[in-house]
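Two complexes, one shared chain (subunit A), two partners (subunit B, subunit C).
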Partner chain A sequence: MNRVNAFRLLVVIAAIAALEALCLAGLIDKITMQPPHLIARDLGRLLVSGRMNGAIAKTLTNTVLALVLALGVGVIAGALLHRRRALRDTLDPLFATYYAVPVFAFYPFFIVVFGLGDIPQILIAFLLGVVAMIVNMLNGLDRVPSVLLKTARVLKLSPVDTALRVTLPSAGPYLLTGIKLAVAYAFIGVIGSEFILSRGGIGYEISFAYTSFDNATMYPLIVLILLASIVINGVLSRWERRLLVRRGMQ
Partner chain B sequence: MAAEQVRLSNVSKTFQTGTPPQPLHALGPIDLELSRGEFFAVVGPSGCGKSTLLEVIAGLTPATEGAVLFEGRPIAGEAPDGMGVVFQEDASFAWLTVAENVAFGLRRTNLDREERAARVSNVLSLVGLSDFATSYPAQLSGGMRQRVCIARTLVMEPRLILLDEPFGALDQQTRLLMGDELLRMWRQTGATVFLITHALDEATMLADRIGVMSARPGRLTDVVETRWPRDRDSRIIEHSEFGAITARLWKTLREESLKTIGRARESGGPLR
Partner chain C sequence: MSPARRAGLLRSLALIAALIGLWQAVYWWVGDIALASPLATVRYAARMIASGDLGPHLYDTMRAFVIAFVFSVGIGLAVGFWLGFQRLAGDTLEPMIVAIYAIPKLTLYPILLLAFGLGLSAKVAFGVLHGVIPIVLFTFAAVRNTKPILIKTGRVLKLSPGQTVRWILFPAAVPEIFTGLRVGFSLTLIGTLLAEMFASQRGLGYLLMTGIGLHNVEQILAVTLLIVVFAAAVSVLLLHLDHRLHRRG
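And now, the complex of A and B:
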């Protein structure tokens, strides 16, 4: 571990230790927050008991479904828009301002249309993630050097082989940025929707625990979400770093 | 007289540029024959259509008029088998190792795994990259990356190799050494080489014949024979004829280059 990483870890440990001290000293009262060691213990119990397995499975399934949809549609739409200049120019203002629109505002409408099930949540998460994927796909395709495409022609690659073996790998680092954003947006979309109105899922369970003053459930679940996003982001960042180092971009 | 391998008859290229589209006569008419196994270089002023000429021969751009025959067959829209192209820009695949880059084109062939590995290993040693087989292009210098691209072309065992200013981005010393290596590969493979370059000394040092192109639209205004022995290297620059040949190239080219500069001046270019 290098010095910067060691220092970062030290900051995190110091923050947790400070929180622990403040809780134990009674400066933060028990109704507001549990000390970190109790949150860790409760999280362990929660996971061992299996009480939250259903909620975790529901949230993860919906997130993965939304992510797969966002990535699939993002890659295909990005590839099509790259070839259709007029359509791309038409949609560019939409992409540029897209994230200024609070997509959650459409959630009640989706519930009215699709009912209070998984579909509105998946749809919100998909809508949040798909444009990040399209924009990064376009960005990546714009940067594929034309000499690589000429090389593909000289080597007589079919259009499918050119896409899979030259274009997509060349755009790889940009696609990975899109994937990272889409993963984050998919989580935000699903868990956020569960908070607002839902019949299950981790977001719903946190919201339920909050309204019942059940700190022994609420904080461990918040930590669980934090840990999950840190692990996923860590894995993707590692992958990204390896890719960039290999290409001399870092 | 060696067998004819490539024949260009009355080849012209006109592009449509601007809005509304205006025809731009970029190239030709050009008539040229390349003999099997010869080293032919083309020099010409900037923007005279040298690269367009190479792309027409490679089948990457169709000629507007005229015909290109490779080994007796017309070139129709795609690079024919037996022809390899090395571009000026770095065309190595950054996500593949050197060996994977070189083996890339062999996927389409019927060779089995051992044969492919043997070919890749042979070509890597030919271009002096055996020790870098598992490296990624980003770990190599510009000259080494260009050698990866040359190796990827050589592994297909082309009978005609087209090179578009392959050493243009390299420093003078590296260019001379790469020229030596190119001559060695040319002798060992027996392939015909068609080299586009802007460096007159490079053309004189490497080629059996040198075509001098006019300013746009590019036509062949002179073809100079060097009469060098096949077994030669960069030390040929010490030869008394070297200066005379380079001078002849420059004499023809100077006027054409001035035309290009004049054109830049007319269109408000920076030259005075």
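And now, the complex of A and C:
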């Protein structure tokens, strides 16, 4: 595994070095892209100056709001649907085709209904994330061994105890998959809609910098988003793998 | 028609009816300024199709989409098979590709615009960027999960790498690869449409954005409806084929 990690690091370093070389050699001109070391320097300056703090805070707030909504609704809806077989069968085709539909296509409509504020962005991010959570919640509940549920019944556990001590631990890894997806989708939803049309946030700042040819702002912000999503995804994936290993599922 | 299948069809119809009912209810709630009724939207869409206003935009979107999908499939299968074969390359790169999958790719659009310029190539590149990753990941997983005995048989029969792919890996991996193609199809379409929403003078995504600019609710909804119906219809068809392939395998 260590060899693999070393190779991974090597690939990243090689990619950055290649970009650096291409930029310095002038094969990628300055208007298209700055060399990576300048991007890193600009990112440092941008963060130290605090110029983007407002935008970052706004994006994070909206993402977290959308995420909390998506997780809450997803868990509750999943739990309810698990008990209503007919309803679940009816909604199944909707879930199966859901991610084939470009949810962003509804963004214009939400803007018309709710105005150009935070609500349309949160709604888009929520809509993107919630179905992943519902589907994985259902998946998790399906995988709870029925012998454990019977044991809980024999031991006369209350519904709350059953949920906390039996269902949650068994369904945990699947829930985490749902959470991981919902986090990614919430991020994509908020930043994407900021980018399409909005009045603030990191996505807005990127599109603003792009339209004003401000590469010294645009590239650092893009790198910031890439780093943030890669780190969050990495942490959740590692946790997920640990849970799976502990349950002997991998 | 078997009873199970008829029940499934009935449920699908009920779902569609419920969605249309929901739309109509929301329309009564928010009114004409924000929303058009289902009937008015369908009428507007029919008018757009009949008058020929939609034709050129649809053609533009479809052209970009088809080119993008061809690239996604070609690159996705090649990279997927390569990663599946080369254990070290696969172990090294797979988590990195998964990480790229979770990135809000919309923010990369300015870079693509700078690199490819405004127009078809940027749209295609953006479609490929979205669509290629699931195809790579599913193909990779499919090749990795091929039963070792099949590959050993190939080695015993002294098949070349090309022959191994053609006669052993590909047939064994088809169901999984098809799932990848199905997901890749949707994401390529989404990528192409998103690209059109920012920087283009034609296409369905462009129509959506002009709809916002002109505050033409009927246009926004009619285009959204066309996109959703197309995406959902193709997806249902692919899903059906997908299930059949998996059952056979």
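Operating definition for what follows: the second predicted complex is superposed on the first by the 249 of 250 C-alpha atoms of A that agree within 3 Å, B and C clash if a C-alpha of one lies under 4 Å from a C-alpha of the other, contacts with A are read in each partner's own complex, and residues count from 1 in each chain.
Simple rule for what comes next: a residue touches a chain if its C-beta (ideal position, glycine included) is under 8 Å from a C-beta of that chain, and two chains touch if they have at least 3 such contacts.
Please read these numbers as outputs of a predicted model, since none were measured by experiment.
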Practice prompt. Applying the touch criterion given at the start, work out whether A:Gly203 contacts subunit B, subunit C, both or neither, answering first, second, both or neither.
Written response: second
Worksheet item: Where does A:Leu141 make contact in the superposed view: on subunit B (first), on subunit C (second), on both, or on neither?
Response: neither
Worksheet item: Touching A:Leu155, do we find subunit B (first), subunit C (second), both, or neither?
Response: first
Worksheet item: A:Ala186 contacts which: subunit B (first), subunit C (second), both, neither?
Response: neither
Discussion item. By the touch definition at the top of the document, which applies to A:Arg247: first (subunit B), second (subunit C), both, or neither?
Written reply: first
Worksheet item: After superposition on the shared chain, which partner residues are touched by A:Ser170: those of subunit B (first), subunit C (second), both, or neither?
Response: first
Discussion item. By the touch definition at the top of the document, which applies to A:Met218: first (subunit B), second (subunit C), both, or neither?
Written reply: second
Worksheet item: When both complexes are superposed, which of subunit B and subunit C contacts more residues belonging to subunit A?
Response: C
Response to the item:
Note: in the complex, subunit C contacts subunit A through residues 8, 11-12, 14-15, 19, 30, 33-35, 88, 91-93, 95-96, 98-99, 101-111, 113-115, 183, 185-186, 189-190, 193-194, 197-198, 208-209, 211-212, 215, 217, 220-221, 223-224, 227-228, 231-232, 234-236, 239
Worksheet entry | Contact set on subunit A toward subunit C in their complex | 3-4, 7-8, 11-12, 31-33, 89-91, 93-94, 96-97, 99-102, 104-106, 108-109, 111-113, 184, 187-188, 191-192, 195-197, 202-203, 206-207, 209-210, 218, 221-222, 225-226, 229-230, 232-234, 237
Worksheet item: Inside the complex, what are the residues of subunit B that reach subunit A?
Response: 58, 60, 78-79, 83-85, 87, 89-91, 93-95, 104-105, 108, 136-139
Practice prompt. Report the residues of subunit A in contact with subunit B in the complex, numbered from low to high.
Written response: 145, 147-148, 150-151, 153-156, 165-166, 169-170, 172, 243, 246-249
